[in-house]
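Here chain A shows up in two complexes: once beside chain B, once beside chain C.
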Partner chain A sequence: MKKINLGRHAVILILIVLWGIMFALNESFRTGANLGSILREASSTGIAALGMTFIIIMGDFDLSIGSMLAFAGMIMAGCMENMGIVPALIMGAAAGLVCGLINGIIIAYFRVPAFITTLGTYYSLRALAYIFNDANTIICTDTAFLKIGTGSIAGIPIPFLIFLVLAAVLAVILNRTTYGRHVRAMGNSEKACRISGIDTKKVKCAAFVLMGLCTAVSSVIVTARQACASPDVAANFHFDAITMVVLGGTKMTGGEGSIFNTVIAAVLYASVSNCLNLYHVDAQWQRVCMGLILLAAFSFDFIQKHFAGLRERSQKKTIQSI
Partner chain B sequence: MKQKLSRQSENISLAGVVVVLFIVFTILQPNMMTVFNIKNILVQVSLTAIAAAGMTFAYTAGVFDMSIGSVLALISVVVAKVATTAGVFPAILAAFAIAAAVGILNGLIVTKLGIQAFAATLVSMILIRGIAVLMADGADVPLYSVNAIKFISSGTILGIPFPIILTALVYAVSYFLYYKTEFGMKIRSVGSNADASRISGIRTQRMITAAFILTAVTAVFSSLIKTAQVMFGKATIGEDFALDVMTTVILGGTVITGGKGNLTGTLIASVLIAVIKNGLNINNVNSYYQQLAIGVILIFALIFNGIKTMRNTRQIRREG
Partner chain C sequence: MGNYIQIRDISKKFYGVYALKNVSFDIARGSVHAVMGENGAGKSTLMKILGGVYQADGGSIIIDGKERNIRSVQDSAGCGISVIYQEFNLVPELTVAENIFISDVPKKTFLGIVEKKKRSDNARKILDMLEIHVDPDEFVKNLSVSEKQMVEIAKALSLNAEIIIMDEPTAALNEEEVRRLEEIVGMLKKEGKTIIYISHRLKEVFDMADTVTVLRNGEYVDTRPAAELTEAEVIRLMVGHDVVQDTDRPVYASEDVLLKVEDLTLKNVFESVSFELHKGEILGMAGLMGCGREEVLSAIYGLFGYDSGKVFLEGKEVRFKNSGEAIEQGICFLTDDRKDAGIFPRMSVEENITIMSIRHMKKKWGFYISPSQEAGQLKKMTEFMNIKYARPEQKISYLSGGNQQKVLLGRDLLLDNKIFIMLEPTRGIDVGAREEIYSLLYQLARDGMGIIAVFSDMNELIRVCDRAVVFCDGRITGSLTKEEFNKEKILTYAAGKGA
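Let's look at the complex of A and B:
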């Protein structure tokens, strides 16, 4: 009998069970509007989680994405007033790219641990987002732009379509290209990669640039959905994105992960928070809940290993008793 | 010997930066150089310096604690709640007990579940902040009825503000622990090579847990000072405390990857941070620019630290 790897398929099983229960129990859950809003919510954080999947597979983390999102959003909304939608989108993407590049250069070329570098940019970029417009919100009125966040094509929300397309592209990059192979190899052993002639610095730097671009896309969706860019948006964004990735079974120690599972985990995460909202769970309790979910996802690896160890030991015992 | 020399010269140059900055700020705004303001700065120093001493141990052991800002908030709420109902001493006891529990919890998550320190403390950061807000019930807990608490922030002994005495005490104990005891040596050993330490009989997991406990316990002092300053138990304080403390420790020259700490550097760096904050404040610079300044300083300290480590490894390779 072929052994089913429970770890790999756990997310999708949990999602199916959760949706099944909620469909049966809660009337307001199964309305089209609610499902649409779950998908929109999943997409806005999920797109950043796609980039984060690359980073975590490489064995690093990026804590600065929430601030980066706020900063890119401010720049985008600021440009939109004066220049129109297309230049504004380009400027937003450029902001994400530059932020990612700064992170990448410091981490890869100066060999500073990623989490502490991105902690520095986390605070700096948030401060810049506040400084940009004197801590005021910038309102977006361009209807074509707002459509990106609120519109839908053939019943499917546009953000979710963007999410799926990006996921497909990134999955191909991760699984089918040399670059993707390098990223996965880096997670297993950076030293081995360096010795075998891979330009590890460039690979690492590129991953952080990719993260920046993904964050910029997330920023477009978040800004378009709220119809404004505010400097205090997405305070726990890094936390949500990391939870999605880890929930999707990507190993924290790097080397292993899948884009598909991140997509499923993003939908699962958004569904859970939607359910908590439907049952009027207090925002603080929600955060505590999400914290516990992340802790559980983190320890999943440990639990698996622990049980594998137990099984091995019991097998040894049976062999000895025979 | 050479290492000790380079550490000394680093400390001296850092102290030089403090003096220069202080002079520059004084030229910009003469009010900087008043006794009142200098006392202000020193109290400000004590806030980060004390927690940074504990964090230096954590860095040395090769871990670090993101949850320290949330611990600050939780302790603040706990102290306010207990002090208003049971008195000051039970409040302080409760604060230390809870901090120790948080440290042990962090340590257990990291060592027993095998989760990276910063990821684990990222989780506990969210959880502890959540508990603090839930305990405070979304409002500040007033402390006006308990005047004794005020002494912690604004009391003086022989004319010296109490927070400064507290800082001196914490650093004296930390120095002793860090440089003179077996415990300090073991912590350093775990940070520089955990595997080798385990093989040579050091209980590495215990050392790491101890480092987390030290960080949380020193955060209690900082929290007490902060709480006494505002006379409220606030669940929202310390949002960027982790940034201040991390910046302080790294700026002080402690090696990020573990094994080598610099307590004197940490102390000088906390003075530097406080002078910058106070100088910008007194010159009416918006607080966002302060946050930006600290963030940029952290990034440059990191780059400097990175260059130093690279140069070291190259030297080691050359010397074989």
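Let's look at the complex of A and C:
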């Protein structure tokens, strides 16, 4: 008996319904420019949400990514003036990698809870971003660089292409490599991992490094779209990313999750924000709305679990009766 | 006086299995009454029923002539019962005094604030009376295990209960402290309190108890005055009849030594542990709860360290810093805590069985785990062990205990192993699957694997193993060959006698 798993596909259904309604009702929504801007918006946070999916599946989370994004952006923009685009991108990636490594080492090897560690780096990295250029914004003028944020290939925005490629790569890593299995196993039972000979510290540390790299890629897109790096960018970035992951059905308790659903959730999140803009909803009310979506996403997890529980019970019964 | 406490036809079932079956006996007022039995005899279950932690499925408890309906811990305290449990019930973040008076806060001032000083003074009085040298204002987390145990005793006494139940209070105590506990018990008896005392240690029981009741497999065996009993008789009552061995099975053990352990020591956990494991041998490890055998095996496997001693694998000295190194050398380990440290509950049956073997699997492009290869591994183990599941992608938590255990065994068997360490391989498994696991062990031994198996159930140990070493208090107190196997001997060694 094959049943459609509603819980699993809820995000994509909601997205289809929302787009269907908006296509029918709103002319400005269905313009190519508007759809492109939704995808660009979805990509800049969505890429970090991919890394966050790994972290949350492992049973942790990272609050520092907004500050990390600002810091990596400042480094990158700063290097671009003197060194050119390629070294600047490398420096930006290196900044993300090092920040992630610091988080990872403190959490995995010094056993400081992720909440405390990333709260600490959340403050320090933000401050470093301000210190880097005396709290001033750095303007980027390199047209090739700006293309990364604003260009399109065959009508598809470049950030979204990057997002899709990264999502495909990370989905393969999560589902079909030893490392991905270990990440999921960690979210299931760290004790069992230790007995199975999995180097839990290395796995944990590597996930935070991956998070740092994803943040650096997000930083490239955000900086390129705004044509500048400013130290106060992406203030609620970590919450947006966590909301996307949870909206995508990844369990806060760890152990289960899907990269594909995170991609859909990122597009959904950006679409909602876009709709609110189109109807000129006041900025403060938009925040109220986003807050409610966050709450809904979290309770969604529990509602789903409730239904999953009912399903499991009936499934268990049938199995035991075999 | 006679029948102060009357236990009548008490029964308790867990998951359809009797933990206690129609147990009845009497306890006299002002006596020290020992309750004895093997692991799983039902002693602790009975005490938890008296303490209100479990509710009996049937039967009645009469105290002081009145039938009592004990439904909760509060009810139990209301009947004047105070229980000192095997596991600690202290709050580590509170002080000794706060713990002692946790349910019985002394008088408060008019603002409802606890008079801290008074509480500390009261605690000190109790501690002094018991000659426990602990500062009442010290945090419990800073105490040693034996100090915690003494505080637990002080807490029970502060309630001024008439009936005091002690569930293996000496497991964590040293000899000096045991002696002091014996004095305390004597003092309480003089005050007219009734004490129900549970212990595996025969010596203490004979030193203190007036009466001994023996339980076996959840059933009442006998109650006799301690003075009329000898230690050998108590052991015989606890053990019952002898078990049959699987004598038709050939022994595959060879002369080749696979693993040799010499003087392995971890301070306060185990000491000077030495043994050998041969190729094709099933070596049993016996002992009572907390005897240290699981710790020794975990240390060999690299889950935690040891202070001194040597481990030789096929003649080469090894020391594993983590389990990964042990696995590389062909040692594998089956946990006794399947639910929390064995399965990955939200992963599929297939992913659970291949979690260790994927590391060595040949991968496409160097990283990609091929689905067909993975499915092949599951299929191989499914056929080998007759694992039952609906689909490979089904979550493992939906399987029965026996099938989950087979998946865990398969996880290790997919690697190329020489030594298999198993803690309680048949725990929480129904009878049919149990037999299958026995024959699996024989098959592995025939193929030359060395197996170390920990069994709490002596019947299983005697049936399955070729040889056994017995632990008591972190030391090996005896070693038995298959011909020498009998429950009395094992129990004697396990109680620390005769070594």
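One rule holds in what follows: the second predicted complex is superposed on the first by the 303 of 322 C-alpha atoms of A that agree within 3 Å, B and C clash if a C-alpha of one lies under 4 Å from a C-alpha of the other, contacts with A are read in each partner's own complex, and residues count from 1 in each chain.
Everything that follows uses one rule, which is that a contact is a pair of C-beta atoms (placed from the backbone, for glycine too) under 8 Å apart; a residue touches a chain by one contact, two chains touch by 3 or more.
The structure presented is a predicted model; accordingly, all values stated were derived computationally and were not measured.
Contact with chain B, but none with chain C, is seen for A:131 once the two complexes are overlaid on the shared chain.
Ranking chain B and chain C by residues of chain A touched puts B first. Within the superposed three-chain model, A:287 lies in touch with chain B and out of touch with chain C [touch as defined at top]. When the two complexes are overlaid on their common chain A, residue A:152 makes contact with neither chain B nor chain C.
Within the superposed three-chain model, A:110 lies in touch with chain B and out of touch with chain C [touch as defined at top]. Using the contact criterion defined above for the overlaid structures, shared-chain residue A:236 touches chain B, although it does not reach chain C. Looking at chain A, you'll find no residue that touches chain B in one structure and chain C in the other. Note for the complex: chain A touches chain B at residues 61, 63, 106, 110-113, 115-117, 119-128, 130-131, 135, 236, 239, 242, 252-253, 284-285, 287-288, 290-292, 294-295, 298-299, 301-302. Per the touch definition, chain C reaches chain A in the complex via residues 303, 322-328, 333, 335, 337, 340-347, 351, 355-356, 358-359, 363, 367-369, 371, 388, 390, 398-400, 411.
Taken together, the chain A residues at the contact with chain C in this complex read 172, 176-178, 181, 184-185, 187-189, 191-192, 194-199, 251, 255-256, 312, 315-316, 319-320, 322. Residues of chain B that touch chain A in their complex: 64, 66, 109, 113-116, 118-120, 122-124, 126-127, 129-131, 133-134, 138, 240, 242-243, 246-247, 250, 256-257, 286, 288-289, 291-292, 294-296, 298-299, 302-303, 305-307, 309-310.
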